[in-house]
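Presented below are the structures under discussion, each in the form of structure tokens.
In what follows, chain A forms one complex with chain B and a second complex with chain C.
Moving on to the complex of A and B:
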């Protein structure tokens, strides 16, 4: 039998994490698959499991003015319908799996699972998101880009709980999100592209683009973005734009798609983002 | 006007299945049953030197080929006796069953299996058709890796090609397909009063009884009982025998009930799939484009052992000229052995592969001669009195013209086909097909010899006695309607228990679109006889035996005559849009019009049409199933093997045209399989129009389409 812990207070949770080496479960939609064993046999989980869903203070979405503080127990379905959440992130969330899963899964869980194909990650990378990690000995706030170090790997230590995700608020006029999945719903991503641009008199004031499932971690290249910032949008050459991203897209062949396809389509969609803005000028 | 019987009634088994009350094998509480699990080869090909099993705690057992009694035979009794139930020395595919471990605690059984190690001499595996043709690692079967080979020809093909003004050639390929029934494979076996009982999820209780009988030997009594079955699609035609034979050996040896229920991942990794195919079609044409002759080289991938490959191959070959009457043809069919899980039965059974090749080739020919494909095809439509590919006869009216007219009306096919010529990335396609009902050749007469009975008890209650199972296709509804209509009894009041081979006569397996047409007809005739002889207060039972319809003949040596008593016919239309950025396809419309003779129940038929179309479109567009270098399926979970959801395809616009068949109950013919025969071909034809390129390979996933477009 697996021992389960369901604290109501964060302090209690942090104590159990350090003293009991508990395994945090924030929705469990990835964790349960990870620990799957032959049907009818006992769970492979040997540590006590700590459910985060009863901790009230992790359920809120707080408006901090220039950013949002999203609690680790917020469900994907709640965020999908919360108008404070940037619409790009909401779009990405609305295409994850299916309603039943989104009613269990959390954004914090998606982040901690650190899958290269985690669909919430590209929008979070665009918004320079940070994660807040708490333990009995204190808290630290870390950029998401430093938090995730590889497929399934983060710098979270066993006694830490990811308590909040900080997302900068943004009023982007031109947003772009495209998930290329294996089917219309309940699908894992072959690749995803998320982007936004801010224009003033057709001059690119800001431009950001992130790609999921085309490298060990989400691809976001500020150096490439800077090349095009300051230029007039109608002067951006689509081929040049594609070429600037090409070296950074390094996908693999797996059971869901091919490296060749992922790369080609990621670059097609990158070009499509620019072309759509140009066409709507 | 549709026949009166077609009006739907609530399915008698519907409420229990929808509410969760129905008991599947996993729901039965066999209190003292031990958990049984197979262990399998962890290498693709070679010779076992030694199997080392960890020490067994008390109450745990290890069973292998040595436990088969000398009176029995360590062989799976499928069509040919080439596949040992337990591997002895030779291994031909990774995952081949070597033995089984059983005991009270599933965790301990799991741990024992993880501790087994096998010492072996490795042989290079032949994983693909090309590996098999190249005899990689030496021949797996015979001298040439041929499991089966058959040929059919008519007229002088060589002469036609030598005189042709033009020839058109194409190679068409289809992939593996996973049945993905909702309920995984599961059986319970126990011995009681010297009788071996098998209870579980099975399409063919008498096949299971036979296979168990063969491995145990003649002195044992065997009984197979169906538990409610949660889907099959052919996947529970052969596998319950493959699973049941070794399980019965173990139950007999140990003397305790054994319960074996597959985990989804074990089921997806190691149970039989649809045969992949590679079919080369060549046609000889005169200057105007008219077909003078067709030459077909049909290869299917049989996997490591025969299983049902010959019968699948026969259906593929006998379906290879489809709805067309071609004067001169030559068809060579081969089933090749590879080091993969033996391919098995799947809805359509060779026909979907053959129809894909044929319909895509007809599209290609029409493009070559700048003709509209439907006009091009119409020239060759079979009609009543024409010869079939095996020299039999089309005995019934062919109503293809009416069906096409209905399809045009519903889908606006020709109008859209024309207008999409000027609209990039949009296309519409049509596929035409027929499906022989019942067993191929004289299988019904010579092998199956079906019997079914209607029993009236003294209290007047009527009971259907048949071994046919309901795995969604509806006999629990339709059989009752047939018998009830004849006897004037409400269908819901008729009893129809889950088949038990100790109780019901052998009406044959639940396969091959034979249930309604063959078994339903026997029940209709039995009910008629009972009615004419009805004696109030008496126990009466009328048993009917199958008889070949008059005038039919079949020569099994020469493969000549009536391969099928009659055919179901279908017209499928599919409309698509292609995204040129991602090469994703979106099906925007699907239509299916069928000649099923007469529908016994409209909703049951519509359910088959909707599900069959989704499965066929999934086969054509999404269901990518590939093998790694060891021949192991790479998509072994529902997260990786993509069957369509309700969001992937629109609802199929469906209709049937009544065309009653004399030897079917109320004129009904088989239809459960043909709804999977054409959707994939209509889809690929639509994509061809949308992209303006040949698309000869399915599944036509975006990766494949991109490859085609970049050539």
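Moving on to the complex of A and C:
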């Protein structure tokens, strides 16, 4: 039987983590599937397990003024209903899996799982989110874009725990989120597109767009965004906009979809975002 | 490890493998076989129960995380007034065919009605989004939940 610990205190968790190099388990909605065992058989998890769900300090959403500090034990269903959380992120969360999953799954888990199809990631990339990693020797705050390095890969070391996610409190008026999957609930995404724009007298003051499941990590290109910032929204050519993103959308064929479909739909949705704003001017 | 949890209002003290699934403990150790195993991956909702008032998939919960928690299974719900109303409404609306998904559906309905006592069809569909039924085509389950909401007006 493997060793497990379910502490209330973060200090205790970090000390044990550094001693045992344990597997952190929050909601378990990915890990329990990954290590699935059948009834009457022992768990397939062979490493010590640190349960993080009972750590008091990780349950709060702290308002820092411009940003939110979201504890790693906060449930998706709590964040979905928290009005401080940017509505674009809430919209993405509300389409993850189904109610019972969102009652266990955490935002931190979705980040650490680092799946290219992690649906909370495109909105988190848009808001330049950061993660806080803690170990018994200190903490470090890292941009999310540097934290995730590939499918399932992060720079978290064995003695570190992701304790908080820092997200902007921006509430943008022109937001866009599309998840493309085989059915409304419980489907892993074929692709996702998240975007927002800020306009003043039809001039694009800010524009951000991120794509999920079309490359090894979330695609967000500030260089492309900058091309269009400062222009008048009604003068953005849809084809030019699509073409600007085309070289960055590099999907693969897998069991859920094909590279061709993903690329075509991603670019269509990119254009759809601009067209919808133009139609509603 | 030793854990304590309240199951259907009764305090249970158990000596368990911390990584055993709540589903297996309910079915094999506590003989509460109303909770079903369908997919074992959190996709089908047959193993639904309420944990501290929240709808969960018991196939994905290591039992160590249940220490100090309150669990409500279909057996506990069925013996309550709300459970009786749901049972009658499901029978009357023909919401049950093979019956395998039914305990999970009833718990998802209970969870929905606690938050939304008078749900419209869209809210019911969203509330049942994680529960799969291969017989009914869902329409009769939705009818059953609407009927329960009417018959049990004031209970939720």
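Throughout what follows, the second predicted complex is superposed on the first by the 275 of 281 C-alpha atoms of A that agree within 3 Å, B and C clash if a C-alpha of one lies under 4 Å from a C-alpha of the other, contacts with A are read in each partner's own complex, and residues count from 1 in each chain.
One rule holds in what follows: a residue touches a chain if its C-beta (ideal position, glycine included) is under 8 Å from a C-beta of that chain, and two chains touch if they have at least 3 such contacts.
Note that the structure is predicted; figures quoted are calculated from it, not measured.
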Margin query: Applying the document's definition of touch, where does A:40 land relative to chain B and chain C: first, second, both, or neither?
Written below: both
Item checked: Touching partner for A:28 - first (chain B), second (chain C), both, neither -> second
Next item on the list: Could you look at A:257 and tell me whether it touches chain B, chain C, both or neither (first, second, both, neither)?
Entry: first
Check: If you stack the two complexes on chain A, which partner ends up touching A:180: first (chain B), second (chain C), both, or neither?
Finding: first
Next item on the list: State whether A:188 touches chain B only (first), chain C only (second), both chains, or neither.
Entry: first
Next item on the list: Considering only the touch criterion stated at the top, classify A:157 as touching first (chain B), second (chain C), both, or neither.
Entry: neither
Note to self: Just checking: does A:1 make contact with chain B only, chain C only, both, or neither of them? Give me first, second, both or neither.
What the structure shows: second
Margin query: Give me the intersection of chain A's contacts with chain B and its contacts with chain C, in residue numbers.
Written below: 33, 37-40, 42, 98, 184-186
Margin query: For a test of understanding, state which residues of chain A touch chain B in their complex under the given definition.
Written below: 33, 37-42, 98, 178, 180, 182-188, 190, 255-258, 260-261, 264-265, 268-269, 272
Check: What does chain A use to touch chain C in their complex?
Finding: 1-2, 4, 6, 25, 27-29, 32-33, 36-40, 42-43, 45, 49, 51, 53-54, 77, 97-101, 103-104, 184-186
Item checked: Sites on chain B touched by chain A in the complex -> 35, 37, 106-107, 110, 261, 263-264, 266, 581-584, 622, 626, 634-635, 639-640, 642, 644-645, 647-648, 702-703, 706
Check: For chain C, which residues are in contact with chain A within the complex?
Finding: 1, 17-21, 23-24, 27-28, 37, 40-43, 45, 48, 51, 54-57, 59-62, 64-65, 67, 108, 111, 126-127, 129-131
